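Across the two complexes that follow, chain A remains constant while its partner is chain B and subsequently chain C.
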Partner chain A sequence: MIRIRNVSHHIGPAPILHDISLDIPKGGITALIGPNGAGKSTLLSLIARLAVLRQGEIHIDAMKIGEVSDRELARHLAIMAQSTHVSARLRVEELVGFGRYPWHRGRPGPGDRAIVESAIERFGLGPMRHRFLDEISGGQRQRAFVAMAFAQDTDYLLLDEPLNNLDIAGARSLMRLLRQMADEDGKTVVIVLHDINYAARFADRIVALHEGRVAANGAAREVVTDALLRDVFGTDAKVSLHDGHPVVLV
Partner chain B sequence: MLGPLAVLSLFIGAVPVTLGDVLHDPEGQRLLLVSRIPRTLAAILAGAALAVSGQIMQILARNRFVEPISAGAGQSAAMGVLIATLLFPATAIWAKMSIAALTTLIGSVGLLMILRPLPPTQPLLVPLVALIYGGLIEGLVTFFAFQTDMLQFVGTWLTGELSGVLAGRYELLWLAGLAAAACWLIADRLTVMSLGEDAARGLGLNTKVVTGAGLVAVSITTAMVVVTLGAIPFVGLIVPNIVARRMGDNLRRAIPVTALSGALLVLAADILGRVLRAPYEIPVSTLVGVAGAAIFLVLLYRERSHG
Partner chain C sequence: MARRLIWLALALALACLLYMTVNARGSWSFLLPFRGQKLAALVLVGASLSVATVLFQTITENRILTPSIIGFDQLFIMIQTVLVFALGSADYVGLPALLLFLLNVGLMSVLGLVLFTLLRRGARGEMMRLVLTGIIFGVFLRSATGFVQRLIDPSEFSVVVTVTYARFNTVDGVLLALTTAVTLPALWAAWRMRARLDVLGLGDEIALGLGEPPRRGQSIALVLICVLVASATALVGPMAAFFGLIVSALAHVITPTERHAILLPSAALTGAVVLVAGQTLLERVMGLSTPISVVVEAVGGALFLFLLLKRRRA
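For the complex of A and B:
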């Protein structure tokens, strides 16, 4: 479980998060949604210790952020940052291979290679495994980065807007893969999503942030409502139910 | 290719030496041992070390268009020897070297601090600022040298050439080679660094330690080369760029190729410098500089068209 207690955060003089307390249970997919500037990405990078936590406490299982070493945490939690623009010219299989770095620290064994192989196969990267990252499409690159996080083989997987740059087919197949990782491998996926419909369709729980506070937290049907769209997102779009999932009519 | 070139380098120079001389003439043997072999080794070591240190610097600065020699580290090394020579003229050579390595480290840290806030969306800003920074330090060095009547000495550090290499006067370059080899040992960590600060920390890498280790390696190689031979620009720039284009940035595979190519480039330039105007010599830094500037322009334009 990820336990967040009384977390506040400023970037310069600008307050980003106000006294957030939140539990993200183990297992399943939790989506963080909210308008631009709500603090979703900041909260994610605080959980992943990429931003320095100054006020409040975050625990991941028994590990306390700020006390646990980067190295130890890297075996329990993987984060895929928002920008996957990397200037390094690496091949797809090399990138996925570096997901194993926290485990082998530079000396991959047969076990590491097997996991990399399965990641490459699972994410359909076989045909492009020898190509450089700057030679494949944005969607393929995105998939390669998720495969790398998968190869890191952590209980927790944090993703910051992984659907950027993806067309509808790419976005749906990526969400299905994440669903599979949650259902079959028992991983805990925390994902920042821009598109509420993807969150409502694929996530088990939705946390809506608004101006640095938790505005709603619960199952998609409880959270995604006309009221949420009006109060949090400031728009009068309507929500309809389809197969039991709420759908925002845009 | 390095082998035949190295052999060629042994037999080319103002004083002709043939294989027969080496076998029978003690004078020929002496020339080979005192001058030609050290000179060839110096070119190989310096070329390899400069190319690798350029590759490391490019990772630390997150930009493909910087290299230590022109970006302040080379000039800081010259500053270091100048300070050492002025303040402690009697100290041993290794002490002067240490001072030079230290000022180089300070100069490199300063460079990274200046480069960090630059927007990543403007990649050409980085080499520009780096060049200005290097020029600034060079200006300072020249000013102090002028004030203290040391301009001639400074000239030998700012222009790299190998005609002065003799046995007993190049051995510190082995240190530079060693520092470059040490980079290969932490090649995986450096490659993880090149994924970006956040991704590297996400993988559990201690980015501060790796940055520090990289800076120390760059400083040692730069200082040793500048003090022994003088500054040789562009090797650290063009070699890593060409290697990256061809085989990517996985440093475990790339560093040996970079080292070899750097050695080849400097050795070839030195041989050419001995031949072109024989019996006079053209400094290796001049030749590499002319060729390097042209190749650099081509690389810049190609990178832009890649978007």
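For the complex of A and C:
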């Protein structure tokens, strides 16, 4: 479980998060949604210690952010940051191989290679494994990064807007892969999403942030409502139900 | 890839052999230590500047930067200029070599470390801010040096000019031993962090996500860069700024990989080959006394433009 207690955060003088307390239970997919500037990415960065936590406490199981070593945390929590730009010229399989680094620290064994192989296969990267990252499409690159996070073999997987720049086919296939990782591998996926419909369709729980505070927290059907769109997102779009999933009519 | 390293090693061995034997006149009891010392200096400087450049390019994630951009060379020239100005050329030349060497290494390391720590204490410690500050600092040093040089007597100024290009004509045995004692551990430390460097090259966020705190790794790399560049420069004078750039570009062509386990030895070997072969050509075949750094500067400038244009197209 990710336990967030009284977390506040400023970037420069600008307050981003106000006294957030939140529990993200183990297992399943939790989506963080909210309008631009609500603090979703900041909250995710704090959980993943990409930003320094100054006020409040975050625990991941028994590990306390700020006290646990980076190396130890990297074996329990993988983060896929918003920007997947890498200046180094890497092949797909090399990138996926880096996922094992927290475990082997530069000396990969046969076990590490086997996990990398299975990650490449699972994410359908076999045909392009020898291609360079700048030679494949945005969707394929995104998938390679998720495969790397998968190879890291952690209980927790954090993703910051992984659907950016993906077309509908790429976005859906990525979300299905994440769903699979949550259902079959028992991973806890926390994902920042821009598109409420993807969150409503694929996530088990939705946490809506608004101006640095938790505005709603629960199952998609409870959270995604006309009221949420009006109060949090400031728009009068309507929500309809389809197959039991709420859908925002844009 | 490993096979190419063997070829590089063979090329270096050949270059060394040629350097030692071409136009060898006189007794070997004199030639061997005389040329041997210069050869050792060439190999050492070539390897350490190349490794320093690769380290710098990795932590800045930029393939067209070299550590000399931070202003090491300018500081070296400034120290010599100020000394000549203050002491006069006769006293400057008369300074004990060891004292001068220690002064140079000390001041350059202090400069590098002060610059790095000051900048990295800032809120985010971005690499690019460090690089830009280094460039501006280099320009400042250059202007200050230019000012002092205008105050120097023209005949004394010629002394300054000779030390502003790297020369391998005379290499002091004691200094060589000292440089070796400093450089080898630094090269070893760079080799030890090869896997970390691979991860650091992925960018700060990814590196941290993989459990490799970027700032710590970058700081260690910066210290190594300071030590390597300062000791090499103090030994032979400022090597052309483009030297590291040429070598790392060549190394990337010869061994196209991002893995530092390959890249570091490849760059070190390439650097040594370029220097030894270049010096053999200049000194033995063409009979020129032109410092090799001048040639490197000319060739390197062209290569730099080529790299820039190629990047734009890519």
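Heads up, the rule we're going with is that the second predicted complex is superposed on the first by the 250 of 250 C-alpha atoms of A that agree within 3 Å, B and C clash if a C-alpha of one lies under 4 Å from a C-alpha of the other, contacts with A are read in each partner's own complex, and residues count from 1 in each chain.
By our rule, a residue touches a chain if its C-beta (ideal position, glycine included) is under 8 Å from a C-beta of that chain, and two chains touch if they have at least 3 such contacts.
What you see is a predicted model, and the numbers here were worked out from it, not measured in a lab.
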item	value
Side-by-side fit of chain B and chain C on chain A, or clash	clash
First, second, both or neither for A:His242, with chain B first and chain C second	neither
First (chain B), second (chain C), both or neither touched by A:Ala48	both
Touched partner set for A:Lys64, first chain B, second chain C, both or neither	neither
First (chain B), second (chain C), both or neither touched by A:Leu90	both
Which superposed partner A:Phe132 touches (first chain B, second chain C, both, neither)	first
Touching partner for A:His10 - first (chain B), second (chain C), both, neither	neither
Contacts on chain A seen with chain B and repeated with chain C across the two complexes	48-50, 69-75, 78-79, 81, 86-90, 94, 98-99, 101-102, 105-106, 152
In the complex, chain C residues that touch chain A	61-63, 194-196, 198-199, 201-203, 205-206, 208-213, 256, 258-259
For the chain A and chain B complex, residues of the former touching the latter	45, 48-50, 69-75, 78-79, 81, 86-91, 94-95, 98-99, 101-102, 105-106, 132, 134, 152
Touching residues (chain side chain A, partner chain C) in the complex	48-50, 69-75, 78-81, 83, 85-90, 94, 98-99, 101-102, 105-107, 152
Complex interface listing, chain B residues touching chain A	59, 62-64, 188-189, 191-192, 194-196, 198-199, 201-206, 244-245, 248-250, 306
